[in-house]
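Order of writing sets the chain letters: A, B, C and D. Residues in each chain are counted from 1.
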Amino acid sequence: MIIIFAVFLLTLLVITAIAIVRAENLFVAVMLMAIFSLLMAANFFILDAADVALTEAAIGAGVTTVIFLGALSLTAENEKKVELSRGVAMSIVTATTLLLIYATFEKPKLGDPEAPVHQHVAPWYLSETPKLIDIPNVVTAVLGSFRAYDTLGEVFVVFTACIGVLFLLSAKNPADKQSRRTPPESIGLRHHLIPKVVGRLLFPFIVLFGLYVQFHGEYGPGGGFQAGAIIATGIILFALLEGEKTALAAVPHSVMMAMVAGGALLYTMVGVVTMFMGGNFLDYSVLSSNPVFGQQMGIILIEAGVGITVCGALLAIFHAFAARENY
Amino acid sequence: MNPTEHLAALQVVVPFLAAPLIVLLKAKRLAWAATTLTSLLTFCIAIALTMGVLDGQNYQYFMGSWPAPYGIELKVDAFSAVVLLIITGASTSALIAGYHSLDKQIGAKRQPMFFAAWILALAGLAGIVVSADAFNIFVFMEISSLASYVLVAGGPDRRALPAVFKYLIFGTIGATFYLIGVGLIYMMTGTLNIEDMGVRIADVADQSPVLVAAGFITVGLALKAALFPLHIWLPNAYTFAPHIVTVFLAACATKVSLYVLFRFDFFVFQENLGGQQLHFTFFFLPLSVFAILIASAVALFERNLKRLLAWSSVAQIGYIVLGASLVSIAGLTASVLHVFNHAIAKGSLFLAVACLACHIKRLRLTDIAGCAKAMPWTMGAMVLAGLSLIGVPGTAGFISKWYLISAVLELGGATGVFLTAVIVLGSLMAVIYVWRIVEYAYFKPQGKKPAVSEAPFGILAITWIVAIGNLYFGINPELAVTLSESAASVLMGHNK
Amino acid sequence: MTIIASLVIPFIGAIGIALAGRFNDNLREAVTLITAGLLAWTVWSLLPEILAGGRPAISVGEIVPGIEIAFKVEPLGMLFAALASGLWIVNSIYSIGYMRGNQEKNQTRFYTFFAIALSAAMGIAFSGNLFTLFLFYEVLTLSTYPLVSHKGDEKTVRSARVYLGVLITTSIGLFLPAIIWTYIAAGTGDFTMGGILAGKISGPEVGLLLGLFVFGIGKAAVMPVHRWLPAAMVAPTPVSALLHAVAVVKAGVFSITKIIVYVFGIDFLASAPSADWLMYAAAFTIIAASLVALKQTNLKRLLAYSTIAQLSYVVMATAILKPLAEIGAAIHMVAHAFGKITLFFAAGAIYVASKKTELYQLRGIGHRMPWTMTAFTIGALSMIGVPPTAGFVSKWYILAGAFEADNYVAIATIIGSTVLNAAYFLPIIYYAWFVPEKPGVGKDHGEAPMMAVLALTITATLTIGFFLFNATALELERQLVSP
Amino acid sequence: MELLGYYNYWVFAIVLMVGFYAVIVRNNLIKKLLGLAIFQSAVFLMYITMDKVEGATAPIIQEGVTDQIYSNPLPQVLILTAIVVGVSTTALGLAMVVRIKEAYGSIEEDDIIAKDRKS
């Protein structure tokens, strides 16, 4: 049964992708993109990748769509109809597709246990985690400890993106002189009664769920990235409902920058502290007398760092886009 | 905590520590000072690493003390030492020289973020060179690319934005191709550590996914290294970026992708895939020949000074790839040597352009007519760097040309002679386009342009230090040569 | 040690001149003369040691394993260095007179680059291997570029571009690959007696490599690559004197001779059939250049084409590959230097005194400028090879060598070119002395400035003197052939 | 069942090329960024298809359970990182598009080139 459901989802995925490319109206395309991400999340869930499904849903569907819509509001709605040289592009694309499909025949089949991927490094992780780090969720163990350096790099990718967006959107807007379109106190949604009431109800639970995901990372799917995204989307919902000024009052710009910088600094400092205590960079077992406990403490600390940075970054990016009109 | 053990890790951790702090600094001069200090510190670490590598110490560092294929491993050998030196050296000299020029081009409020992006670009590039884990290289490639998009987008000219957008599109496609290639190899070998990959790929060598993976990685990295047909993003990106950013990017950004390409090709693919050398040569040799000839030809007719030098960079990358595609010890030595010498030559040229830009607004050739009388020192440095680019004896460029031609002649036969002709033709075109600049500067009348005075002392001193570096490494290239020879033997050593 | 001194002295002199130039002109002139004198003294002090058969050598530093900057003094290098340093003194005296007479601007730059060019010439003379030779060859090209483009107006810049274009293209395009090919084939680039390529390469490759060398060294102005010499006539006369007689052209021909003698080896080349073309190329250049010189009207361009012809004398003499011809080639370098520098000084003096440059203006100038024109006549006779002058000595040895090799083409070329030389020099002398001046053509003018005339007479006496006291030079060259 | 084994990879190939096509052909900058996002998500699908093991569950080890086989955790970690990279690139791209719109007044590539050529 699952197999039919998987095939159905995959075909739906292909259809949505083609629909996005062909959509004239950009707003429709962005909405289709959200559906595309949700389908992708569902596929991941079927393929036993719970953590990744949660991330894809939170970041892929949630945050990307918000940023796209923010950008759309500042640029054009529709795509100009122009016919570019489709022949050449079509031929390149079909050629590469055939090449890729040719390469699939010698790949190990889906779910084949003898595939080389399952022989070499993965069994070690599955067998060593209970002994060395003793936390149920092996993905968080690998993410937090075995390949912690990757995740550090990842935090700094988000950090760079946040700086980049702020740097780009802090330039003076040349078209600023003529009109200040929206009145100074942007009042959020106009016909706002129902969404405001429901929003105010929902908002605390979203943040609570975010915190749950943050600290539940070791036991089930979850972790810094997902938690940061969920909390950020919660606050963005608040900003959309209450209007950007009140949201900035709640989480001012300086706090956001402090969160972004603080999270990254926390993560790096954890590594540097382990260096000072005699281990290699990011070797948590030196953090406390009992190495297993040290590992767990290390993972919690860096997950907190990741969560803070991702939440701060996504908020800063949203506010940069939102504030752009009356800049 | 004895620092010498952790040198390899510190090379990346120090800038990572500095970046969040710099963002929080408000004063623009303080942000610049912090960035320059960090860059200088990374330069010292790079020098320490090189000294260590020179007397035979091989740096192997396990992140989180997890053994190699399970955790992430850092490795520094001769080739990485050379590239590290260029990255940190270029960044330090560009920063020290460039405060006034940057201050003019970027608003005060935005400078802390700009300098944080600069330090992240430096950290990303150093991270790629130091890391020995395929996926880790992808992550750091993303950090350095995103940061360099931000740096290029800092350019004052409005045309910087479409240029950087094209740079983003090409860069992301290149990185994603690399990701697909690594994914396919991981699928067939089950490991991400490059050394381990080289060993385990032997028994799945000739299956189609591995061949397709080799294709994807090569195309992806060639795209990020702006090798000839995939170089379209480079000229505009370098032209419209702030002058000091061009100095930094021109000296090292594309060479890091070549570093990864050579490590992958010579460690993983060369020895295992049947006849991979032939594929490697047949794919890269014609491309590099086209790069040298066509890019130099375009540079001949270019009117904007910076775009002229950007096109010449595309040509010089052709030389580096030509050296490597000979797949011989001599060829590889020549190509690593040219990585080093070109960084110095191109770095000093762009520094001289930055000096010119202090007083001359638009950098078309007609705008710099007759500026040599008013700016003798700047033009002197530019001529010196130009000579090194051409490869006049006594300069660094000559040494790499000398090695390149001997490597090609050792190849022997018709191809050897043809390739020598290509190299010679390339350097002759270099003579012409460098002399065009000199002739405009020295002999064309000043005309009615406003009076021009010499560049401020700070940037001039650094330009001259790097220009004299050209001479020093021309007369005594012992450091660069020993490093490239051991790099070549390491790269070829894997390949029986 | 004196080798390094001979290199460093002109360099320090250049810096001294540049600094002195800031204060006043006389100080700068003094520094120039002192440096020239000092250099000549150090170089000439080497002579007795070389005559006694010594070969002082020194290696400065190893650039890259297998390639080093090394110097070695051997007879040919000694002769060239002595010639260049000696003539520098005379040229400096002449330049002071010429520059002052013509009120040329930025003279400091002129003298500074002149000194740097001299230090490059010394480097070429004493170079111990191909790499050092190439290094100083390029420095000479680059240091003479500002001299050639001294005036800086549009015409000078265009011809300076031709000058630099041809020289850099040939050196990077042909000379560098040839050197690298030699390094790879022979494993070393050092100049050793009897050549290093014997047995290493054979068949058509020998001819090809020789071609790369001969046409790579653009300074020797063998026919297809000669275009830069007439183009360089836009330079002021002392620079032309430098180009033709003191350093640049001599460096070119000297390098070719040195490569033929010390890289290929005379007997190896003689045994290689594919190397004969050089003799014919040189012969063709002599005849063609002399014919072109015939129809020239401008005095300096005429002298330029005559230089191209005379240079190919040296190349042809070396190509005859006989000991006597080698000596003749070396001696001809010296004889041509004295003769041609006198002619150039005379042309310059005429220009300074009367601004005349065309041949038809020289009618009856002998009576107005007796000293200059007597020197001019001696120089012209030396070019033709009439007995009392130096030209005769070198042509005698070259002819002897040609007869020894019974190479009839060479003999015919020498005789033919002597006739042509006479054909384009004698009319000038005849017009100058025996045809009365057309009234009212140019303003009446006296002799050239005293310093210029002094230099003229020195070189004229040298031309005749060399005919009488050439024992030392001959002894020096005899060692070149028999080790 | 045999067909399904490769179906995932075929979907990966097709979605990858749809994204690539959009980036090359489409003229609108935002549509290009959408294409880029699709292009990157296809790669995520390829990695995650690798980690599935027949009859296994997500790699979360409960205490008592011993005979359970688990899917491979490593590709999931890699893709967690890759998703965030994708978002960062898209955010930066969109910021650039906003700035281009303000500087050029249009986000169609041919208009931008035309405006540049005119000035």
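Quick notes
Here, a residue touches a chain if its C-beta (ideal position, glycine included) is under 8 Å from a C-beta of that chain, and two chains touch if they have at least 3 such contacts.
No experiment lies behind these values; they were computed from the predicted model shown.
Closest to the middle of the protein, by Cα centroid, lies chain B.
Interface comparison, B-D against A-D: more C-beta pairs in contact at A-D. For the pair subunit B and subunit D, the distance between mean C-alpha positions equals 28 Å. Centre-to-centre separation of subunit A and subunit D, using mean CA positions: 12 Å.
Put simply, the C-alpha centre of subunit B and that of subunit C have 45 angstrom between them. Distance between subunit C and subunit D, defined via averaged C-alpha coordinates, is recorded as 71 Å.
In subunit A, the residues that reach two or more other chains under the touch definition are 100, 104-105, 107, 115, 117-118, 121-122, 125, 147, 150, 153-154, 157, 160-161, 164, 168, 171.
The multi-chain contact residues of subunit B, meaning those touching 2 or more other chains, are 135, 139, 142, 146, 149-150, 153, 186-187, 192. Taken as a contact graph, with one node per protein chain and an edge wherever two chains touch, the assembly fits none of the named shapes, being neither a line, a ring, a star nor a complete graph. Two chains count as a pair here when they touch; such pairs are A-B, A-D, B-C, B-D.
Touching subunit A in their complex are the following residues of subunit D: 1-2, 4-22, 24-28, 30-31, 34-35, 37-38, 41, 44-45, 48-63, 69-81, 83-92, 94-99, 101-103, 105-108, 110. Of all residues in subunit B, those touching subunit D in their complex are 135, 139, 142, 146, 149-150, 153, 158-159, 161-162, 164-165, 168-169, 172-173, 176, 179-180, 183, 186-187, 192.
By the touch rule above, subunit A contacts subunit D in their complex via residues 3, 6-7, 10-11, 13-14, 17-18, 20-21, 26, 29-30, 33, 36-37, 40, 43-44, 47-52, 55-56, 59-60, 63-64, 67-68, 70-72, 74-76, 79-80, 82, 84, 86, 89-90, 92-94, 96-97, 100-101, 104-105, 107, 109-113, 115, 117-118, 121-122, 125-126, 129-130, 136-139, 141-143, 147, 150-151, 153-154, 157-158, 160-161, 164-165, 168-169, 171, 173-175, 219-221, 223, 225, 310, 317, 320-321, 324. Every residue of subunit C that touches subunit B in the complex is listed here, in rising order: 61, 63-65, 67, 131, 134-135, 138-139, 142, 149, 152, 157, 161, 164, 168-169, 172-173, 176-177, 180-181, 183-184. Against subunit B, in their complex, subunit D makes its touches with residues 16, 20, 23, 29, 32, 36, 39-40, 43, 46-47, 50, 74-75, 78, 81-82, 85, 88-89, 92-93, 96-97, 99-100, 103-104, 109, 112-113, 116.
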